[in-house]
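The chains carry the letters A, B, C and D, assigned in the order they are written, with residues numbered from 1 in each.
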Amino acid sequence: LSPKRTEAFSDGVFAVAITLLVFNLAMQGVPAHLATALRDHWPAYVAYAVSFLTIGIIWVNHHQFVDHLHRVDRPLLYLNLVFLMWVAAIPFPTGLLADYLQAGHDQSVAAAVYGIDMTLMGASFGIMWLYAAGPGRLLTVANRAALRSFLLRFTAGAPVYGVAILVAIVDARVSLALYALLAIYYAAFIRAPEEARPGRSG
Amino acid sequence: LSPKRTEAFSDGVFAVAITLLVFNLAMQGVPAHLATALRDHWPAYVAYAVSFLTIGIIWVNHHQFVDHLHRVDRPLLYLNLVFLMWVAAIPFPTGLLADYLQAGHDQSVAAAVYGIDMTLMGASFGIMWLYAAGPGRLLTVANRAALRSFLLRFTAGAPVYGVAILVAIVDARVSLALYALLAIYYAAFIRAPEEARPGRSG
Amino acid sequence: LSPKRTEAFSDGVFAVAITLLVFNLAMQGVPAHLATALRDHWPAYVAYAVSFLTIGIIWVNHHQFVDHLHRVDRPLLYLNLVFLMWVAAIPFPTGLLADYLQAGHDQSVAAAVYGIDMTLMGASFGIMWLYAAGPGRLLTVANRAALRSFLLRFTAGAPVYGVAILVAIVDARVSLALYALLAIYYAAFIRAPEEARPGRSG
Amino acid sequence: LSPKRTEAFSDGVFAVAITLLVFNLAMQGVPAHLATALRDHWPAYVAYAVSFLTIGIIWVNHHQFVDHLHRVDRPLLYLNLVFLMWVAAIPFPTGLLADYLQAGHDQSVAAAVYGIDMTLMGASFGIMWLYAAGPGRLLTVANRAALRSFLLRFTAGAPVYGVAILVAIVDARVSLALYALLAIYYAAFIRAPEEARPGRSG
């Protein structure tokens, strides 16, 4: 199996998962006072935006990863499948977070579940990188230095996810803000690896 | 990241979002008198058709945009992600508009939300064009003149969206008709830029 | 816009629409006697199978159509969009037919709505063929004869859809059987045009 | 129709079906005690993981199959469509299994339905292989030996599915465990055919 094909399938999962988030925007039934209902529905919009941007940024990161591969072996394929399993699940904790922030109880549980999915996804992604960087030599060799700094900055986000899960116990809205900040961090942080790599993806 | 890859991901989001609109056609439960229920359900069909054609026409416009790019940089990628966030959200205001036109109350709020999503999507698209046309020189140079007339006609639609949002206060059905007319306007208006550009996409 | 790109977008809509049919298999809530509930649920399985095969066969036909094109112009793009609008809607009448065959009332209305969507889809497809075969010369010239016989056999299915809609008044199950037969007819009937055309798609 | 195109459409169905599984994670309404509700919801997570990995592994197997084809004929196209019909249906028995394991009654029926879908999917896949290996010579000739061993190991899984369906009568959780083991078996078992085949997919 070529990297290109793995990428096409992964892209399909990303595109469907990101678009399914719209179901979390829908309200239960047809509320009598729409303006009020829409205002109280704010957690749904914030959760939609945070998850949409997060999946979008993961997609960019994943592409960079696949761009670095010169071939794909069986174990990587299954590591990628496990990674996609956490990505495709994102609409579930997104819905929980939106629902419970609006319901006004158990927000901390919902925010923690959100963070756990993000952490598992991040861990799966990190394991893929480490596996590909290992003796199997799936990665193109010239990028070792850029890769190491990439992995360092990538891993730096992990404890913040841990903090966001703990913060959820106190205030789930602060957790949500941290998840948004992490999305922005990952959007900014991925800039370097590509610039360090000459040509090919153009 | 190449324009081609960005396009593939965007196409995925377009295809899923346009097909998810079908959920807005479904009726609550299994109504006792189907013929009557189907007749009263007309706003769902109109909203489906308007949103389907709108997303389809945006897709054509977006393709033209990507065709004009010779490369994609990081900021553009994120501008595109924000743009797709409004596109993927379209099934939500479409459902609101259908539900509230049928419910017979708060139609104006629903029609305004629809117009706001359209306006935000249009604004994001315009910002992408302006960014790509700027000093970053992401656009192929030969098309500057066609581009300027394109952007003028594109921006000309914006105030009509504003009018449609205001008209929603009086009659949401007139808003919906304006949204349909705007889709037709954008379908007609995009003809020139392609014809002005020689070769390449064939 | 190239035929290839139009095809990719159309394929996305086909793939999503065909997979969304699974929602029509789901039962309301968690029935107390699953074995009985599953048995009474048979119209959902039949409707799923008929719609799945119908969309799959349309996909094959559509590919053949796009294979015959050497270029795509603006009007064709919009005719294709209207065609896809009826394709993407198929899960709606499929759900109606399944629900009302099981409910035991208004089946004829549901079966007629199903037939109307199929007829509009078929008509849109026929119009695309006629437009592409017209003076715009979007079709590769060598296939004129194969095309004419193709269109004849294609149009021959149309009155049967009309009959199926009328038969729905008497017995919706007979209509459903006719829709299944039409799918088989279209699966068999498309064989010739491809064989008449040498090379290219291989 | 080329193998490449059939593959693209099939990939779309795989990607959408695998991502739609997330709907089975959602809980009914907004439970009062989220932590308890999430704990009792465990069958949904297990069913999600088993079905996700199963679809992912089928996707890998399907790719290998298409890689072995040098051309696609009409009957194969329809055999593939029937195969995809069982794949796209997987979210339905997945939801049944999750719901009834949690409800605590009729689990055996739900687990049997799951196994039946898996068996029909496997049978369709086997028929495709046999058809392609037949006198139509759709398969590249060099792989005959690898193919035979592939088919043997493939067929070896079939009786285990039968056992899992029977075991469902006693304990549906054991069935679910068997389905998970079968996914792992198929993930391991497909390794050889690719290694036996030189080049091409890279």
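The rule is short, and it goes like this: contacts are C-beta pairs under 8 Å (C-beta built on N, C-alpha and C of every residue); 3 or more make two chains touch, one makes a residue touch a chain.
This one's a predicted model, so the numbers in the text were calculated from it and none came from an experiment.
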Chain whose mean Cα position lies farthest from chain B: D
Copies chain B and chain C touch via same or different residues, half shared test: different
Where chain B and chain D are represented by their mean Cα positions, the distance between them in whole Å: 37
Centre distance in Å when chain A and chain B are each reduced to the mean of their C-alpha atoms: 26
Overlap residues in chain D, where contacts from two or more other chains coincide: 8, 12, 15-16, 20
Partner chain D, residues of chain C touching it in the complex: 8, 11-12, 14-16, 18-22, 25-26, 30, 32-35, 38, 48-49, 52-53, 56-57, 59-60, 63, 187, 191, 194, 201-202
Residues of chain B touching chain A in the complex: 1-2, 5, 8-9, 12-13, 15-17, 20, 71, 74, 77-78, 81-82, 84-85, 88-92, 95-96, 99-100, 103, 105-106, 109-110, 113
